[in-house]
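Below, each structure is written out as structure tokens.
In the two complexes below, subunit A is the common chain; its partner is subunit B in one and subunit C in the other.
Let's look at the complex of A and B:
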């Protein structure tokens, strides 16, 4: 039996974003819909589902960061180490008063 | 026992026994997804049985568990179709589809009943049965569309047809014939229905297994 993998996205409540829930292996879209309903919706855990054939997903997984531009990252970057280094440099040049 | 209670018990027994039979696929269905889906359908059927037993229990002054588990074999009112043990996928799908088609006809009649409680529970049950029918029809189409599936399904439908007719009262049977023939695009044979009132030999074994835990517990045990 040939099968298709469908990626399933689920909305937990009105207004919430669609989030990836998992995948379904099914012979075709009709089976996938029935299976997704049972697997991701029967306990009232979803208000909506999206089913996307994995084939239809454009995947990008090459992200270069050759110049260490950490400040552009969404999670920010830790300044702890850099601050410590800067303090050490400053301390060596001119000890803090007091 | 009045006619209303008998009707409720017939419906409840059908759903309980079929739910049990369908649950025999849990863990061994053709695919993991099907396992989840078919087990879920089985649980729904048992849930319907409980709701129906509760209505009957109120009139009989007992409870749903007592009706489900404590009656003797000859007190069950299930149709022989649901009692058959056919752990073969084409037969399971044939039975599932024939039952759901017959059940839809029965529920439509009940929804038009002038007993508001019966009409209400039939409507409520039918809102879940819609998805069982979608599941059954999708499988029937799939099996009919393959060289291996079609003869297997046809053979199973031939075997189960007299049993399917027996699920319904006489006046509703022509509608089942009409729907089954419309779907399959051929004439079904004119056979004597295997009607409610007798039981298949497999039912005894099923009841023995189904009531095992209940019988092993001391009277009055709470769960």
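Let's look at the complex of A and C:
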């Protein structure tokens, strides 16, 4: 039996991103549309659907982390210590106006 | 156990997830496939007890709600067979095995329905028992199944309300209507008590070890009793187990179900098993021309 697996993406409401919702099998795109409307649309739960044959999806899964990327992260900066030192130097223990 | 399998086991036991394309031990794949297949079969077979009542529903609203519920169950079977396919077993092979009696489906779908009272009790309490298991499956280590369970749980939310509404309508109706519910409860209590399976300690249950199931059977049953027995009793209805009681520590005691009977039922020896499987065999033969035509036209 020649059927194609289609990945289904759906948008839940206006402004929301397209999200992967599952997959369906169908012999071709026309049937895929009918089945997708049934499974992912008959309850009024989606404002839009994308159907993509699985073989058309390029998957990237290997990410190599060669460096310590802490400078790209919020937890990679130790502000508290330096701020304390800077305030002491400015001659005040607490922030003041002006 | 080889090193790769041990690593996989440690991964799932610490909350790690598995996707469709990932390597998985043969045992994990086999158990998972069988489990999801049984779930898919149950959704498909679960249509049949309720389908009988579409033409006999007492009002148009009930007919529409019942039809919508059945439509959802059939859709869930489709979604779940899709997951089984991605694990390596084609849908046609699943249907072959179901019809040949080689695969299983939940005990509750091996029983006949006798009245509209059954329709209410099934949609309320059978669905309630199922929802407890399904919520636990949201934590399944196999991510595609956990994700589809979110969709299924959301879609099932009206099913139980429909069931409860039917029951409440009957118990606030005539004496005859009330009697329909009580009589149905008397018959359905035994299969309901068996639904979550015989108690297996978590450490002895491979399904829990692989984190396919996150809730041992007895815990699910206790959750069911704690949630729903009070709801039954507050309507003035009785349950046919004199030992059913809540202890001070919150656990429920009950008459131990006959676990061998459960095994016999799910192996195809329930009161309606043969009839239901025969129906599936017949309908598959009858619609064969549709799939052949569709595939020929699409080619």
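Just so we're on the same page, the second predicted complex is superposed on the first by the 65 of 98 C-alpha atoms of A that agree within 3 Å, B and C clash if a C-alpha of one lies under 4 Å from a C-alpha of the other, contacts with A are read in each partner's own complex, and residues count from 1 in each chain.
We take it that a contact is a pair of C-beta atoms (placed from the backbone, for glycine too) under 8 Å apart; a residue touches a chain by one contact, two chains touch by 3 or more.
Quick caveat: nothing in here was measured; it's all calculated off a predicted structure.
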item	value
Residues of subunit A touched, compared between subunit B and subunit C (which is higher)	C
Touched partner set for A:24, first subunit B, second subunit C, both or neither	both
First, second, both or neither for A:72, with subunit B first and subunit C second	neither
Partner chain in contact with A:89 - subunit B first, subunit C second, else both or neither	neither
Touched partner set for A:13, first subunit B, second subunit C, both or neither	neither
Partner chain(s) touched by A:2 [first = subunit B, second = subunit C, both, neither]	second
Partner chain(s) touched by A:39 [first = subunit B, second = subunit C, both, neither]	both
Set of subunit A residues, in rising order, touched by both subunit B and subunit C	24-25, 27, 30-31, 38-39
Residues of subunit A that touch subunit C when the two form their complex	1-3, 21-25, 27-28, 30-31, 38-39, 43, 59
Contacting residues of subunit A [partner subunit B, same complex]	24-27, 30-31, 34-35, 37-39, 42
Subunit C - residues contacting subunit A, complex	21, 75, 78-79, 82, 85-86, 91-92, 147-148, 151, 155, 291, 294-295, 297-299
Subunit A-facing residues of subunit B, complex	31-34, 36-37, 40, 131, 134-135, 138, 142
